[in-house]
Amino acid sequence: MMKFLTIEPVRVLLYLVGIIAFTAANAAYLVLAERKGAGRIQRRPGPNEAGWAGILQPVADGIKLLAKQVMVPPGTDSLLFRAAPLMVMAPPLLCLAVIPFGDTIVACNLNIGLLFVFSFGSINVMALMLGGWASRNKFAIISSARVVSQNVAYEIPMLLVVITMLMVTGTMNLGEIVRQQAGGFWHWNLLKVWVNPFMPVTFIIFFICMLAETNRAPFDMAEAESELVAGAFTEYGGMGFGVFFMAEYANIVVGCSLATILFLGGWQSPIGVLSGGWFGAAWFLVKLYALIFTVIWIRWTFPRTQFYSLLNLSWKILIPVSLVTLLLTGVMMKIL
Amino acid sequence: MNPSLEQLTADYTALAGQVETCDFALKGYHLSVAVPSNQVVAAAEIADRAGFSIDAVTGVDWIAQNEMEVVYDFFHFTSPLRVVVRTRVPRAEPELPTISAVFPGANWHERETHDFFGICFTGHPNMKPFLLPEDATFHPLRKDYQP
Amino acid sequence: MNVTKETLHLATAGDAPQETFVLNLGPQHPAAHGVLRVLMTMDGEWIQRAEPIIGYIHRMHEKMGENRTWAKFLPNTSRIDYLSAMHYTHAFVGAVERAAKIEVPLRAEYARVITSELNRISSHMVWWGALLLDLGGFTPILYAFDDREKILDLLEALCGARLTYCYYRFGGLYNDVDDAFLKGTRDFVKHMQPRLKMYRDLVTDNIILRKRLEEIGPISAELCRKYGATGPVIRGSGVAYDVRRAEPYSVYPKLDFKIPVYHECDSMARYMVRMDEMEQSLRIIDQALDQIPAGPFIGKVPRVLKLPVGETCYAVEAARGRFMVRIVSDGKEIPYRVKLRTPSFSNLSLYEEASRGMILPDALAMMGSLDLVIPDIDR
Amino acid sequence: MSLFSSISEVFKGFKSLLVGMRITAGQAVKPTITVQYPHQTLKMPDRFRGHLELTIDPATGQTKCTACGLCVRACPSDCIDLDGLKKEGEKRKSVSKYEQNFTQCSLCGCCVDACPSDAIQYSKDYNVVSFNRDDFGKMDLFRKAEIKKQDWLKAHPQPPAPVVPPPPTTPAAPAPAPEQKQP
């Protein structure tokens, strides 16, 4: 039986189904987790009527969204309008294919995994832009313009940070990066201060950029509901909106996975014991969800940044600092 | 630059206005000035020079006298002084100049007064319907208005 | 960071044709707090002209005043600005008392001050939460409502209503303040001090909020004067104008409180004024609770109230600024004219001039800092 | 702005963010403060203003209303409609119809203030819903009072025989009746 499962086409198919299921379940239940988390922070219970403690809320929401008609407003570019939700969901699915959940649990062990993730991760901004542009709504157009400039601005410090990590690790294979961090949390890249004393700063920059790239609060310029109603999604209803919504969470999963792999030692156990195999996957998920929880926590604490201070933050603080860390890492590596 | 009551009284008397000093505890204002309707801009300019701020512009429909009264309230930020300038226009042809050039804040108040009383403020930059529906042809605060 | 076209060195001049579009913000927009519509002529994200269009919930309170007796108009006054209903009722009963020369017992005056200031705090809390909501912070409004709920519970136990109190009557109050209320208010004052510190730590000191509000939406004192803006707007522009001091009413002269003034003229100054006002209101309540005497809660009022011929004005400091009632009586049982001068009306009227050249998120932050209540504008 | 001050500003800003996150985390571990409405309900305070109801004199079980109409005149929104008739053997009129248009009522309390015989009071009923508009448009308070009368009669099982003697005790109006009087 196990042998049958390891045949390449079957394996690929299994992983495909697994990743789609993982993404869908995450997207659905992270919405619930977000609402529950918001409830906790705001001292209310959150959704708690559908099922035990609201456990069926995502199902109810999904049925509601699916049952709604997808309206294409007159005057829109109907092809692009329909295509945008499809395009927004594809990149996170593709990215998850190269993310190693455990030592051997990876759909496709690519040598250029890091590059793959970043090249596909950048597509999702295009989908938002097209969706906003095609809906022929003034709020949506403002929003899509914002999304593009925001993503361009934050791609740069993020990639600079990733280049720093690339210099430290010397490989683009995500599995290899994790393997280098084996053995206790002091081996994690986050705490490798002897390689680069700015490593925690690098992590913070990466995290901020990830928030901005995934359009999460306090950088949620794409939606900015108190300014732009619903931003790029203003004209979307039913599952069209639902897919955008799910893609946001899928992107968070990808971003947090990447942060886990690059900085927090991926599937490695922080204390050295209980490692390997399915334990590894469990550690990975624990770290992943801790990061996701932080993302949720941040959203429900801060107000939204103003669009221009957002760009200022990127160009005036993040890019110089990440350049400095890049330089320092280079110097340190040459000396050591 | 706190204005004095005497100076204001002198200024308004020079404007062919009837000036009446009131007890604040009984009336809620210190100075009541009645001016002819063509003098309201000059009256507003006096208030402006003395540092007053516009409080409200409103009307009262005195149907028995067949007149409409337009009341301008001014209050002062730093001195506890309130001035009321009032003028009367005939009901048949309620028209008087706007003071929105002196106090831009009067713009909205005058639009509102136009809506409610049908008083026309000549020279007003934007005399569009304001609070009432765009197709309203009535002036609800006129005493002869029947809904 | 006040971003204008000039600071960004964008090409404003030049021969290139500039394309503008009209953004119809509202009447149903999340930042419009009700049914305010702002017609914005935009050049990209820059506002060339923002024209507020109002009247969507106009109810003609002034006409309603002309066809019912003085007492019957009383419930209407709490519905003009539902967030500071006490102040509005105060102004109307004050005007009638001033015209009819009705004596108000001291206990009633103190109770009015206590309830008014409680109402001011609750109103500022709604503003605080709503402003943060405008800026994309979702949690503060729930913390604020948690505390506001305590005020509403107190006032509900006192007069039976949570929002449209109609608690003041000509010559006094609807019913007496009981010991449970006085004790509950004392507890609330104690409870509120650490909460205000929490507000400060969570929001006021937050760097994102400061970046959103500091140097955004400058409104000079001269602009305020030309438009008649009052309340926290004018106090945030460096003018210590407060009706409680300028035209003292009720027992405010006997109480010791400061008028918070900030000279920065920006949205942050208006924000800070309101935050400080909450503290000052707590101080006022504390003193009033110490000083409230025993005695009757309503004075002698004629059964059929007929006001002498003439006109009377009465102004109070509502949560949003100066609220004035002008009543004209022709000696009958019903008013001849009731004019309601509302603060939000004047505060919004300067928006068109003040928002010129701002970008959309800043303009909305500034609109939030003006603390608009749309029924108060439309009446 | 010098480089040093901008760096310190960045650090101060970052610290303020951490302080904010600490506060929300602190709030998150506190118990919830909401009331889950259909499952839990709040007790209304004594002075709560619900819709009107006619009071029953606990001594006689009769409504105290004399149909004088002062409440109708006091009402700002003209939402009270009442009628009274004089029964045989009684000195005063007693109410025979009392309808409140609750859709127009502004709950100002003028009617309760105006009532000379404390015959009306607020109910503590806040959960007023119906499928029928007339349940509020013509809220029949008299019928509700009749039901209460029946309850009173059940609670006080007196023989209904002495119909002739009671008239001196039945005049239900001017007695002070301190039952629900609010201070």
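Things to note:
Chains here go by letter, A, B, C and D, matching the order in which they are written, and residues are numbered from 1 within each.
Just so we're on the same page, a contact is a pair of C-beta atoms (placed from the backbone, for glycine too) under 8 Å apart; a residue touches a chain by one contact, two chains touch by 3 or more.
Since this is a predicted model, take the numbers as computed values, not measurements.
The leading chain pair by number of C-beta pairs in contact is B-C. Chain centres here are Cα means. That of subunit B falls 44 Å from that of subunit D. Subunit B has its Cα centroid 62 Å from the Cα centroid of subunit A. Spacing of subunit B relative to subunit C, judged by their CA centroids, is 24 angstrom. Residues of subunit C in contact with at least two other chains: 139, 143, 146, 202-203, 206, 208.
Shared interface positions of subunit A, defined as residues touching 2 or more other chains, are 41-44, 300-302.
Every pair of chains meeting the touch criterion is listed here: A-C, A-D, B-C, C-D. Listing the residues of subunit C that touch subunit A in their complex gives 1, 3, 8, 21, 23, 29-31, 42, 45, 132-139, 142-143, 146, 202-203, 206, 208-209, 211-212, 359-362, 364-365. Interface of subunit D with subunit A (complex): residues 10, 17, 20-21, 23-25, 27-28, 30-34, 36.
Only residues 68, 71-76, 79, 139, 143, 146, 153, 156-161, 164, 166, 169, 174-176, 178, 198, 201-203, 205-208 of subunit C touch subunit D when the two sit together in their complex.
Residues 24-29, 51-56, 58, 60-61, 71, 73, 75-78, 80, 82, 84, 103-105, 107-108, 116, 129-133, 140-141 of subunit B are the ones that touch subunit C when the two sit in their complex.
Residues 37, 39-45, 48, 297-298, 300-302, 317 of subunit A are the ones touching subunit D in the complex.
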